[in-house]
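Scrolling down, you'll hit the structures one after another.
Next, two complexes with chain A in common: one pairs it with chain B, the other with chain C.
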Partner chain A sequence: MNHSMRSESLDRRSMMRLMGSASGLGCAANLSQIDALGDQNLNDQLRISGKRVILLWLAGGASQLETWDPKPGRPTGGPFSQIQTTLPGIGISELLPKMSTHLNDTAIIRSLNTKIADHGTAYQLMDTGRVTEAGVAFPHMGAILARELGNIDSKVPDYVSMYTSTEGRRKGSAGFLGGRYNPMFLTDAMMPENIQRLDEVPDIDHRDRAELRDSLSRIFARHHSHPSFDGHNSAYGRVRGLMASDYLFDIDRESETSRAQYGPTQFGQQCLIARRLVEAGVPFVKVARGWWDSHGQNFETHQELCADLDHCMSTLLDDLKERGLLDDTLVISIGEFGRTPSINGSLGRDHFASAWSCTLSGCGIKGGSLHGKTDEDGQTVVEGEMDAGDLYATIFAALGIDHTKEYMVGSRPIPIADFDSTPCYSVLT
Partner chain B sequence: MLRHLILVTRQRCSPERRSSKKRRSSKETTPYLRILHLVAICFVCGYCLPIKKGSATENTVGDHDQTVRSLAAIIDNQINASAETSGMTPLLDDRSFLRRVMLDLAGRIPSKTEQERYQALENPDKRFLITKELINSPDFAYHQRNELDTLLLRPLTNDSAWRDYLLEATQTNRSWDRIFREVLVPETSNSEDLRPVAFLKHRMRDLDKMANDASVIWFGVNIGCAKCHDHPLVDDWKQAHYYGIASFFKRTYQTKKGMLGERFDGKIRYDTTEGETHDGEFMYLTGAKAEEPVLNLEEEVLRKYDEQIKNAERQADAESPPVPDFRPRNELVEMALNDQEQKFFAKNIANRLWARFFGRGLTHPLDQIHSGNPPSHPEIMDEIANALVKHDYDLQILIHAITLSDAYARALPAIAKNAGESKLTQHDHLVHTFSHAMPRALTPHQLSLSLLIATKNPDKLQNQQVPEKWVKERQAFEKRSEKLAQELEIPGDNFQVPITEALWFSNSPQMQKDYLKDGQEQLVGYLKNLESDQKIIEMAIATILCRTPLPEENETLLHYLRGRPEKKLESIQHIVWALLCSPEFRFNH
Partner chain C sequence: MMNFKTLKVTNEWPASEILFCLEFDADRQRVWFGSSDSRVYQLNLAEEKPERVALEGEGHSSYVTAMAVTGQYLITGSYDKKIIWWDIESGQQVRQLQAHDRWIRQIAVTPDQRLLSIADDMRCRVWDANSGKSLGEFTDHSPLTPHHYPSMLYAIDVSPDGEVVATGDRIGHVAIWDAQTLEKTSEVEASEMYTWDPKQRRHSIGGIRSLAFSPDRKKLAVGGMGKVGNIDHLDGASRIEIFDISSGERLQVMEDSKNKGLVEQLQWTEDGSEIISTGGKHKGFLSIHDVSSGQQQHVSEHSGHIHAMNVNFDNSTILTAAHHRLAQWSFAPESVTEPESVTEPESVTEPESVTEPDNAPPSREDSE
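The block that comes next holds the complex of A and B.
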């Protein structure tokens, strides 16, 4: 962590303290006040347009040793070997052969030390970028990015979260950003709930009654006005537009070739949906792929799951690149933590958060870069240590969002990346 | 003629119990029935008649009513004195008031019958009568239970033992201090089967959350910012406060059986920003500290106890571990209740109730009670907090007084006339004076229940006047409303209707089959059989929005119905749908 950043930040905090005692609840003018009702159009000019994010969420915690940070020949290395990638000096696990030739737009980070290794808390940490704090409902990554990258009256969803092929369905919340930024959540089906019209309500009726609702609301608004009512109407105003985006979830509309490229797995199909969504302008899509929690039979598990990840991720990157979307789309692969270097009695690896890996590809990322280093057995980070806040700062920086930007929640400034975090400039363009 | 009789059993705890600092056995904390009063209200005749004349009960009821009236008068005097009279909105008409107050006290909109009864009632004191009737109704206990559940355990869980405990508490009007004690020290609760362990249990894995939530929820003080350093914005709160509150919870453990206990020792050690290491003391927000007596136990005995506790944590059949004499959570309860000066405990609940009915606290935000953030109306805050203390934390008295006040009955602000001024600034400016109402989004339970009431055939909804029947029906409604309530968003500050809700209303099979169904029991089936389009419109607006149609609405809806004579049933469904999806239905206003 950069020392000058830290002291600057401390200065700012002591400044806040001074301000606080001087003016009670004062706040500086450059802070973004969270007033979900009031500012719906104010920040549009500040919004970063055209940037997208696909988060490949490896629920349960993938092993860094069987993916991005292999330790072949070491007691912790396991049975798999390392393969040389197309990048000089960088080897990854042999379980990711396709990715080994697809790293031109990808940065590998091998030095995450996030400390927390139980699923619930670690999920909160990695999906909000900070340790849960009592009394503050922090928004999840998707909600922050939906707000920063999306348009308020967007006709397409701005935060889609797919959790069909995983355990531990964690919904993610917009926290203090407000329900406007809650995800559209896919669990049981490949289509979001209630996005399609019921057969018994013909389209013309559906439209007519929506228009009737609108005209009654306009009459009501002539007599009563309040931002809360406007928010209600704007939610209904988005319904027909979102319904019209249902085709984005329908991969039958894709060519045979492209469906075949992504393959028959649910993860593959959802990666294809994710590509369709970002292509249509959806700013944040999360695709969760579960069952990585390999306390037993770690190696068989990873053999199976890595094949799926390797294939889908490389196909997705290729597809985005071919369509000219990769420059503006950041693809992140990460879970709540990694897995222990030591191998347990059931040939499994347990939860491990002190030295693990993730990847960032595409938008704003220096392709082919490698950041950080763990010791020879993968037990500790020896170079370039990053925590969740640093990773978030890096993600924001890659997207062109100032990572020191603050939301004012009541009287309290909350930076979008945690206090004292620094972007990892070595993986940024 | 007496249409109905409402029997209310009041349980209160004795004043001695609160004032003494000593610990008592569970026998002594048994509440006794102090008042058993029977209130018969006859709206047809339009007066309230206590049946047992001349008894002590009558006096108590009279005192009670007098307290409520004078508290309401104090509220109004203060609000009137502080508000700019020009900005003061008029009082609501009968039907709008009834909708507001029934959502607030019964947790649902009024049925058509209830609207008609209230309108027909000619009594200058009818606001007093209706609020009193509602507070004594079975509806109130359910609604109050749901509100307390949301306050204490948000996000909602399906913990039925907990919800049953709360219902028992609200049905018997259990005092707030007793609920506080039972929830924070559930191991000494009287209710054998319904020990309210959920509040602590759900926060068990996270001491910070347990400590800060307890402080926010019971005392209106957010100490979270003072964990790593003294609070940067609030001078009152130091790190010592944070670790003070946390210390009271530090020793808490949960047994495998689901019971709670406290260890014999254990302190929090923390580092100050100056780099000093301190032991957390048992310190309350006021700075008062609980002195822990020296633990007179052989090391070996202590080890044995610790072992027993460990076993109980792991094994359901382990014997119950011994209970230490010094129990920190109990100390916290005593200190909070004995805080005569700053009264965080009383002010917090007074402020929270105020915010529930006005959409904004006297002190706002609700977790920021401290010297740097004084209430907008300090006199009201003092009066209502003191009234709670004086009347044994009987929440019903304050709820009744607030809903009886003129301030509560005011309309929303009129549409802005100065085009230049932004809406929000205007509202913000007006809000602090409480000279007008502000819209409040319905809670998940209010919305879910109101959907059921609104879409039921109004002729089949007549049992509210027959308590024996209504108690059962209300229970069934409550049960039916729960599934949807679990899925809806709990409104907080800056509530926005999520798109998922608008999609649910627009496209879910449940909407179509539960609420828009054509059938004898349903509103749609009832409207279909009315003799004229005009009648359909009037009835739809009466049952859903609880009022009469405006001329322009009438015209719009007539036009809609007449434009599609071949699809009458569908058109009725569309009208019902459009009204259910209106902002007017979604909010209490």
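The block that comes next holds the complex of A and C.
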């Protein structure tokens, strides 16, 4: 109890953490016991309050050469030209004409070297910010940010993940943070399943049942003690809020104009849902757009998928800005890796993690900035190399979260960004 | 009847680029080919050691994918949306047109010297092949697929008598046109050649990549790829469909699930009994089918995906433009008893590197 019982202004979230602190948050045994008191810096809490993240997950690995780091005229460059953006000296692929005029709030990072180029392991790396380690279940980005940015009293979900393609679908895990931070995971329908109240149970009955359950739980707790009780009760406390959040997924509540702006594709509709969710206070939303794994016909695949990305991402940024949300919402576009500069016999590009790109937009980001450089053929990073840990540190810093902050897992401190990670300050405000 | 079982590579010219199209001059001594380095090259096969020479001029700025010869001009089309006229004798660029709004896929010349160009703007434009004057355009192809993504117009062919034109797109739609009036006369569908994956990977692959009228203009061959399970790859069977033009009836389907990938070009034999197809996945193939039975008569594999071929029945040779190589093949002019199909040359003329650039990309293809 070192550091935390110092203020009477602790919010309920803090109190809940304190209550659960003796033995963690009631998740699995061994290393799953984290010290929930380790993050009770109230100033930090205030600073990051209201921050949100939308992750546009380009599943399968988009080509950096057909998006953010074109090499026109080079043997590796492919057939597309480079278009000048509204930012002096920065060109991107012609496949992203709308984004070329939307970089005032966006930073491009062209120097990721994450080394791992198979889907499963690379996904794990980019979704946790570190290499898998036996015996430690690292939480993925959404779970960390749900915990850091979320509110225990929230009536909306902390973490929503949409992944409708089946290839490469991985739910991920909140790891040692516990099931409380697992995502609401939408795979088939645009609307969460099984959260609607049954018609045969009137609302008043539903509330009565909740009160009865609370009463019984309190009586039970007087005579029994177990860390899982808090998590159990907390989960029940959130149920009614989650049940009431189904309207957030209903884009028919949007104006026709708004729906038309996002377009007819599923990715567009999901980006609109993401905007509705962050507007309602959901701290982390992941929209996965698969499947970019273009071993054959890379250029035509990117004509299809980049058209979707370009339209939906630029519309989303516009919408967030017009609603005054972009300053507090970080939009990330990234996949598990990039694609080879060399072009194979099927006019495809294969997996490549040595020199690839991502973007960060909005909250905490120095718009119009460009970080890193690859060689003339895109084979290696020649300036500003970053690994997954550095990217995570940058994301945390953009959101006002101390990237050196540690979770105590049992007796082991684990920093939220990997050891020796450094934020990329050149893209931060 | 040609004896394609004797088909073999007799000469190869490796290149560091991808070669997409080729044409010969009238006496079949000089060959031109279009490259991924945006250049158009000439190779004189009459020379003892042919070396390629780039044609001179402003040239293209993206992949050169389309080519035709008419009179004194070589005409090329490119993903840069331009058509360029080159003087055959001087090798100089003489005219260029910003012809389309998106990638030019193929061009063709009619017997009455009109140039037809097709592009991903889904238009077929008609030009005077000598002056470059625009003569009209037509389209019957939707710019978007049924799933709201950009479509592509890949294939065109002009009937041997120049009376009829066919155009084929990504979703498997073929429109057949009167070449004089530019009125659509009929259409056929080869929708098996378009694979939309609505669930697993949520994008598409395929399309009609080649069209060829039979010598009597009664049939149309359509080439592409059959349905694909894993659309990350060109993993469908190579596929040819034969249609009766007057009825629209599909007469024949020929699939090869061993030699997978796209059928990039089709050529009927002179008597219309067989059809030669070429294309591929990572590697390439040359395949011959009997049209009436649909049976594959012969197939030869090739080390690179073949994008184009030119068949010369007079001297029984085929020239192919492929991924990283140009190759000359030969076959016996008539059926003779040959023991085995020869798929790769045992002794190929020592390949001459075709001016390999210093900055050729390393061969580096990570595994899946």
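We adopt the following convention: the second predicted complex is superposed on the first by the 358 of 429 C-alpha atoms of A that agree within 3 Å, B and C clash if a C-alpha of one lies under 4 Å from a C-alpha of the other, contacts with A are read in each partner's own complex, and residues count from 1 in each chain.
Everything that follows uses one rule, which is that a contact is a pair of C-beta atoms (placed from the backbone, for glycine too) under 8 Å apart; a residue touches a chain by one contact, two chains touch by 3 or more.
None of these values were measured; they are calculated from a predicted model.
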Partner, of chain C and chain B, that touches more residues belonging to chain A: B
Touched partner set for A:M191, first chain B, second chain C, both or neither: neither
Touched partner set for A:H223, first chain B, second chain C, both or neither: first
Chain B versus chain C as contact partner of A:Q297, first or second or both or neither: second
Chain B versus chain C as contact partner of A:N182, first or second or both or neither: first
Partner chain in contact with A:T166 - chain B first, chain C second, else both or neither: second
First (chain B), second (chain C), both or neither touched by A:M408: neither
Which of chain B and chain C A:A280 touches, first, second, both or neither: neither
Chain C residues within the chain A interface of the complex: 16-18, 36-38, 61-63, 79-80, 103, 147-150, 152, 199-205, 231-235, 261, 280-284, 304-305, 323, 357, 359-368
Of chain A, residues touching chain C in the complex: 60, 73-76, 79-81, 117-119, 164-167, 263-266, 289-291, 293-297, 300-301, 303-305, 307-308, 340-348, 350-352, 376-377, 379
For the chain B and chain A complex, residues of the former touching the latter: 206, 208-209, 211-213, 216, 222, 224-225, 232-235, 365, 367-368, 372-373, 412, 415-416, 423-424, 427, 438-439, 441, 489, 493-504, 506-509, 512, 550, 552-553, 556-557, 560, 567, 570, 573-575, 577-579, 581-584, 586-587, 589
In the complex, chain A residues that touch chain B: 13, 16-17, 20-21, 24-25, 34-38, 132-136, 157, 176, 178-180, 182, 184-185, 192-198, 200-201, 205-206, 208-210, 212-213, 215-217, 219-220, 222-229, 231-233, 235-236, 238-239, 242-243, 410-412
